[in-house]
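Structures follow.
The following pair of complexes shares a single chain, subunit A, combined with subunit B in the former and subunit C in the latter.
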Partner chain A sequence: MEELISRIVVGMSYGSVYALLAVGLVLTYKTSGVFNLAYGAQAFVSGAIYYDLRVRHDLPIPVALLVAVFIVAPLLGLVLDRGLFRYLRNATAIAKLVTSLALLVAIPQILKLWFGQNPAAGTQGIVPRGDTSYNPFGDVFVSRNDLATILVTLLVVIALTVLFRYSALGLQMRAVVESARLTELAGINADRVSTASWVLCSFLAGLAGVLLAPLFAAVSDLNYTTLVVVAISAAAVASLSSIPIALAGGLGLGVLQQILDRYLPTGSVLASNIRPALPFIALFLVLIFSPALRGRRELADPLAGVDPPPPALASTVRSAALTNATRIFGVVVGLLAAYYIFFHASGQWLDIAIRATILSVIFLSITVITGMAGQISLCQATFAGIGGCATAQLATRFGMSVLVAMLIAAALSALIGALLAVPALRLGGIFLSLATFAFALFFDNVMARFDWVGGGVVPEDAPRPTIGFINFDQSDKAFLVLCLLILLVVAVLVLAVRSGTTGRYLDALRGSETAAASIGINAARARITSFALAAAIAGVGGAMLTIYERAANYDPNFVYFQGLIWVVLVVSLGSRSVEGAIQAAAGLFVFQAVILNQVVPWLADHVQPWYHMGQPPQTLAIILLSLGAFTYAKHPEGILEFNKRKSLEAIQRLIDRRSSKGGATSAGGGTLDGSETVGLPAAAGGPAS
Partner chain B sequence: MQTRTKAAGLTALCVAIVVVASACGNSGSTSKTSSTIAKGGSTPSVSIDPNSFKQHLPVTAPGVTDTEIRVAAVVTKTNPATGGDYSVLADGINAYFKMMNDGGGLYGRQLKLTSVRDDQLGQNAQAVQASLSSDKAFATFIATILFTGSKALARANQPTFIWNINPEFTGNNNMFADKGALCFKCPGHILPWIAKQLGATKVGIIAYGVSAESTDCADGIRASFAKYPTATIAYEDKSLPFAAGLAAQVTAMKNAGVQLVGTCIDGNESFTLGKEMKRQGMTAVQELPNGYDPNFIAKNADVFENGIVSPQFVAFEQQPRIPEIQKLFEWAQKIGKPVGEVTAAGWVLADEFVTGLKMAGPSFSQQKVIDALNTLTSYTDNGFIQPIDWTKQHQNPLGHPELQSKLDCGNFVKVTAGKFVPVYAEPDKPWVCFNRTDLTVDTPQHLSFVTP
Partner chain C sequence: MSGLLSAQSVTKKFAGITALDSVSLDVGDGEVVGLIGPNGAGKTTFFNCLLGLLKLDGGSVTFDGRDLAGVPTHKRARLGIGRTFQRIELFSGMSPRDHFLVAERVRNGRGALWKDLLFLGRPSSDENARADAMLELLGLQPAADRPIESLSLGVGRLVEIGRALMTEPKLVLLDEPSSGLDRHETEVLTEQLRTVQRERGFAVLLVEHDVEFVRSLVERVFVLDFGTLIASGTTAEVFADSAVRKAYLGDMV
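On to the complex of A and B.
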């Protein structure tokens, strides 16, 4: 009994922080309509600053607390609101999710440029001698840090309850969430209310970040990112609407975790794999089985429907002459690149070309799930990992032809994708994204650890194929050709699906699900098909990467964080077109290899230490590319697509001017915003029909 | 109709892909047991002639010029997982090279570490590829957790020297380490012997469930006490997530009467364990396999008090210092770098590399260096590490005890007031060793591997 009480007391401490984070998540969602995936990242900012001031600079606790929680955290909220989310108030839920996703990726990386890339050991709490324990009875031990955490959480919850129940500001905050435009019509300054809520939520994140720190040996962004999943579970329990239930959910999960920690068997395979993944399993189960979430749609402005639909792809509305010119240009550039790669490039550039080609295939899976189906999946890296691991296992353990293994692995990925989609798609929107996030974390922590999946201590080998007399093991150039062929096949497949029945169904569903249903479109079937197809494509890409590296290296290549970066990258550059995916993959590698590895050091006058051992190029690339995702709300078609449209407009204007001078009349004109078309009669404008 | 045609087309495409794929085979060069291991005798088959070290002959090999022998390193500096900065491997290598170069170099050439690449933990394969492609080094040094570039180095037959915290190099006879092939699951004498020395009869095991190495390590501890039953396993938890709180585990161990905790966790988690043990008033001794970090221990003296650390090389605190440690400190100071565990590994690996070069002779090549090192049956860096038999220790010895070294050794320090104090050693004999064939831990031998 004493041990149970001890577990409950310790669980209360963890649960209090989870509860604080969950309350903050709910509050952010309720007051701004943003499900802030970056909430853990915001907590990390304050946790890191508190650590720096308290541990590295030995400042007194009140000073460190003041700066980290009462100044920096609210300031961060202010900046996020004024600089970013204010402009997203009437944006779609997906746009808000993508933006918060970009923040989740970018904020820790930006902070670590100052804080240091590696975890910092020796955390401290907000009370002196925080590790000192009291022993009220038996084996029950309570530390001063535990008590402080529980007490602070209680105070915050009471204050928030008062704020929302009894203050005008609280009422205004809730009104802004329902409809910012309607609230403004009632004479309330929605901007000011929104700012207040962001400042408050960011303060809570900062407080949670500081309270969370002493629960770990080191301050690490990974701890915050992963633990915020528990808070998401608690917020989901509360259906993202009830602060008291979110509080109870957080506390309950903290206690449950401690009790399971003690009473689950510690040596069994089940326990070894299930216990670390408890938060992710809890989140997944809550999302799938919570009746309150099932069929629920995220908060949306009722007046948002008056916004125009996204413009059609530039490639579908440009003139035939421009299309031909673009294709010729693309072929010439492609041939020049191929000539360089095959005849002049170093091994490093060949490596970059192969990886970019493989990543293009994986990115096409995001084109399908996001660009076509309009859903954000955060587990595409996991599907790629499933493809990679299955290929290695089938080829090495069962002696199967590696290409056959790749196809079976793709089928397996598709099957798992469909099985995941059946319950998850009922959720839709951000809840679907959260379910895929939970699945990715679950697979990383549980499934990938089995020998028969990830290979154990040494990743499972995967051979290169031979086709006839061509042995791809002997030549990376030959393997690049194989990769390009597979990319071509997958691209054709995606284009075929997009212009086929499923693609049209998905187009219709994106326009209006109700209208689509009224003409007999089965939304579930279309989305499950797209989910399975996306999973299969990711599986093929993962298999190719595994074959290229000759081993299923799950941890470096397929963990959830990779998936987050990929999604952010593709949606910000262009998730609706095949070339968008290819350009995103090529851009990622070329950006790192040329700009960050070559140009920047050259500009820095050949500073060798910086080049080799300074800020890692990948960090800078992630930051810059993540920041690009902030444009998603304005340009949901992607930066590349947007610029392609602008370029085509400019070229068309040039052509039109020349045609006018020559006395000829243009077949079309104007802009490429979907309302008018270029080079085509206006009646044929809009999406491909 | 058009849709059906497209569907049929897609089906045909899929069938075609399957048919083509089925007709294909696999290359036969990548499997976990495919590499052959060089055979060697009980003594080096290549004799070393010190007079030849100054002989300058033309050599055509990557990274070799008339004046220099260039090597590269790929290390994990950016390490978001554990925070360990392994770039200090370069300090050990540079210190050793400075010593060599100040003595006139080797074969009329200076030894240079010309490139150190940060693999950022997850990009080892890319960093290795870039190094092979751009650095054109004669040999590559590695200190990383995720050694995904191992296959590229194996295929390039690049002489590779690894800080052996990862077992991927097994099966590749061009790869050498500061230890023989690791076998996490294999039973050993050392921990049961420590339990006996401490008078501990009940042992606890703490390991990560999310790391295969860690769970294998836990299995190895269990196997050790099963084979040498000096104590019973009273508690075992090998299912921890990273950065876990350990309150429940400590309560359970305390209730089970655990006196010695065998750990398969990183330093930060050991700190969490120590802190929780202190909080709950548990006085068991923590065995710290990853704890040889004087600064970390000094900062957290009260948490780690009485902990037992067994470094992979002779602890710096062993007195009198062996000559190799004296040289390490002397030359590290000359290049202005502090000495730590990974720095020492860099020094040992540099010595191993130079030993291979010396054995290869003045007309050396990469293959000659590899072949020469693979004839060594008892490499110790002049007593700094326990013997490695490179004629057989490229293979994972799990299930093949004959592939392990003949001796199972350890040397120990105890954390006392935030400092390491040598224990269980005899004067001039820092190592406590057992023959692998010993069926008990009752007959330890105190040894030194320093060559007079």
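On to the complex of A and C.
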């Protein structure tokens, strides 16, 4: 009994922090439409700064607290809102999600430049001697840290209640949370409300970050990102709209986690794998089973007739000229690169070429799921991992040829993809992405650890194949050719699907889901197909990587974080076209090999004020590439695609000018130019009479 | 006249308001019926209920002798209900021809993933011919291959109608097809609609504010006000009804 009670108290202290984070998530979502995936990263910022000031510099608690929570955290919120999300107010949900995803990837990396790459041990709470426990009722032990956390949360809740009940700003925020669009009609300045809520929420994140620190042994970004998942579940329980439910949900999940942790049987592999994965399992179950989320599909927009339809993108159409130009250019560049790699390059460049080819295959799965189906899936790395592990298992355990194994593995990935899609697609939009996120984390933490999946401690081997007299084990060049062939096949298949029925149905669904349903398109079926197809493609890519490395290295290659980076990269460079995927993959490796290996070491030698700079190349690559995602909202076709289109338009204009000077009137020229097309006027809701 | 569509005491409530209060209405095979009423009367809501985009809070809908309870939207469409939207809903990035081709593919149900993978998913020649026929019928050939964003609202409304017709519906629900169009465009649209309807013989349920439009097309009218039916009958009867004139037309005629 005492044990249970102390578990509940500890659970409440975790739960308080979750509750703070959940409230912040709901508040930003409702006031600015952004589901802030980077919320955990924001908490990490304050946690790290507090640690640095308090532990490394031994500053007094109030000073460290003041700087980390009351100055830096709100400032960060202000900067994010004013500098970034304000410009995204009318952007699509995907654009907002991608931006917050990029922040989730970039913020910890930026901070690590200064804070150091490794987790820092020896955290301290916000009260002196936090480890000291009291035992007021017999054997129930309560530490000072837990007490402080619970008390602070209580204070914050009281303060929030007062704010929301009695202050004008709080009332406005609440009104916006209830119905953003009605409030706007009532003349409330939504921009101001959004900024205020970003500042407030960022403060909450900072506070949570500092409070969480002593609960972990070390300050590390992974702890924060994965624990914020529980907060996301709490926010999802509240279907992202009710603050009190989010609060209660956070508390409840904290306590539940502790109780389960205590009473789950120990010993079995299953139990020891499930324990750390409870947050992800909870999120997945909440998303799939929460009835509140399921009704979301119904048309529930009271002002649907009032709003003008969103402006159409001039960029959704790709001209034939652009396609041909890129094709020719691509073939020429490809041939040149191939010539160089085969006859002149060092082994390093061969390695880069092989990896870029394999990554291109995986990226094509993102082209299918995001470019064609318009969904953001955060578990493509997991599907690649499934493909890789299955190939290795089949090859090692059943002595199967790896190429046959690869096909079976792809089919398995497709099956799992379809099974995941069936429940997840009922959710749609942001919740779909969250479900895939939960699935990726779950797979990383539970499934991948089983012997029969990831191979346990030692990854399973996957030998390179031998076809006829070609031994791919001996020659990397031969293997590169094999990879290129596979890439070609996959790319052609993707093109075929895109121009076929599935592709057209998905186009229609992206254009207007309601209209697509009104002519009889089965949205769920088309999307499940696309999910399965994307999973299969990712599976093939994962299998190739596994064969190349001769073992299924789940950990660095296929963990959820890779999946996040990949999505951000492909989406910001161009997810609509097949070349987009190839360019993104090639770009990533060339960028790492050329710029980072040559420029950064110089920078690190000559301008290194940072005092803990660990491994800058990787970090910088991630930072720079993820920052590229901020262009997504402006150029949803992808930044490369956008620039290609612009240059082609410039050439077209030049040609037009030439030909009109020559006397010939070029009629209807410049249809490529977005500015010359006549936009469809907004359909007014009112009567025409 | 056999009943094609029959709605029995359809009720729909949104938080606080009753948007539809026990509305019963029927449309016969090949009949052109009007549904009029002031703004916010619940006409669009009624369409959404018929198509299953909204769940009913009471009542039932029968189409072609079949109870539609629990039938998802896309299946209702395949049973033969087509519709257009008040707030235009087109597939951005596609040309009018693409719109028709997609609808045609849904109708003939020939699509399959394995066909796509073998490059058999492209439009066949008879599909192209049918799309061409629809483009010609609606006079859309000049705009056939331009992206939909570059076309005017009037053309957009025609594309919506054509897209609905491509699925060969037995009943077409038209939600304010003239809204946002000028006098001339409206006349053209009326003319097109009349011709096509005569040629194909589908039934129409027309929501429209433009009284002339309604009068020139419709045989029977239902009048909705604040979610309740306040009158129904032939066009002449209804427009003569003083209650209707007061509730709806008072300041217009």
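Observations
Note that in this section the second predicted complex is superposed on the first by the 595 of 689 C-alpha atoms of A that agree within 3 Å, B and C clash if a C-alpha of one lies under 4 Å from a C-alpha of the other, contacts with A are read in each partner's own complex, and residues count from 1 in each chain.
Heads up, the rule we're going with is that a residue touches a chain if its C-beta (ideal position, glycine included) is under 8 Å from a C-beta of that chain, and two chains touch if they have at least 3 such contacts.
The model shown is predicted, which means the values in this text are computed figures rather than measured ones.
Once the two complexes are laid over each other on the shared chain, residue contacts for A:630 go to neither subunit B nor subunit C. By the touch criterion defined above, A:496 lies against subunit B and subunit C together after alignment on the C-alpha atoms of chain A.
Using the contact criterion defined above for the overlaid structures, shared-chain residue A:442 touches neither subunit B nor subunit C, since it reaches no partner. In the overlay built on the shared chain, the residue A:133 is in contact with subunit B alone; subunit C does not reach it.
Shared-chain residue A:533: touches subunit C; no touch with subunit B.
By the touch criterion defined above, A:50 lies against neither subunit B nor subunit C after alignment on the C-alpha atoms of chain A.
Using the contact criterion defined above for the overlaid structures, shared-chain residue A:347 touches subunit B, although it does not reach subunit C. Once the two structures are overlaid, the count of subunit A residues touched is higher for B than for its counterpart among subunit B and subunit C. In the superposition on chain A, contact is made by A:556 with subunit B only, not with subunit C. Contacts of A:479 after superposition on the shared chain: neither subunit B nor subunit C is touched. Common to the subunit B-facing and subunit C-facing surfaces of subunit A are residues 493, 496, 500-501.
Against subunit A, in their complex, subunit B makes its touches with residues 3, 6-7, 9-10, 13, 17-18, 20-32, 77-85, 87, 115-118, 120-126, 129-130, 132-134, 146, 148, 151, 167-168, 170, 184, 209-213, 215-216, 235-245, 247-249, 251-252, 254-255, 267-269, 271-272, 275, 278-281, 296, 299-300. On the side of subunit A, the complex with subunit B involves touching residues 3, 6-7, 10, 14, 117-122, 131, 133, 135, 139, 141, 143, 215-218, 220-223, 258, 261-262, 264, 266-268, 271-273, 275-277, 346-349, 351, 355, 395-396, 401-404, 406-407, 445, 449, 451, 454, 456-459, 461-467, 471-474, 489, 492-493, 496, 500-501, 549-551, 553, 555-557, 612-613, 616, 618-619. Within the complex formed with subunit A, the subunit C residues making contact are 14, 39, 44, 48, 51, 53-55, 72-75, 77-78, 82-83, 85-94, 98, 101-103, 105-107, 110-113, 115-122, 146-153, 156, 160, 163-164, 166-167, 176, 178-181, 186, 209-211, 252.
Subunit A contributes residues 298-299, 302, 304-305, 307, 309, 312-314, 316-317, 493, 496-497, 499-505, 507-508, 510-512, 514-523, 529, 533, 671, 677-681, 683-689 to its touches with subunit C in the complex.
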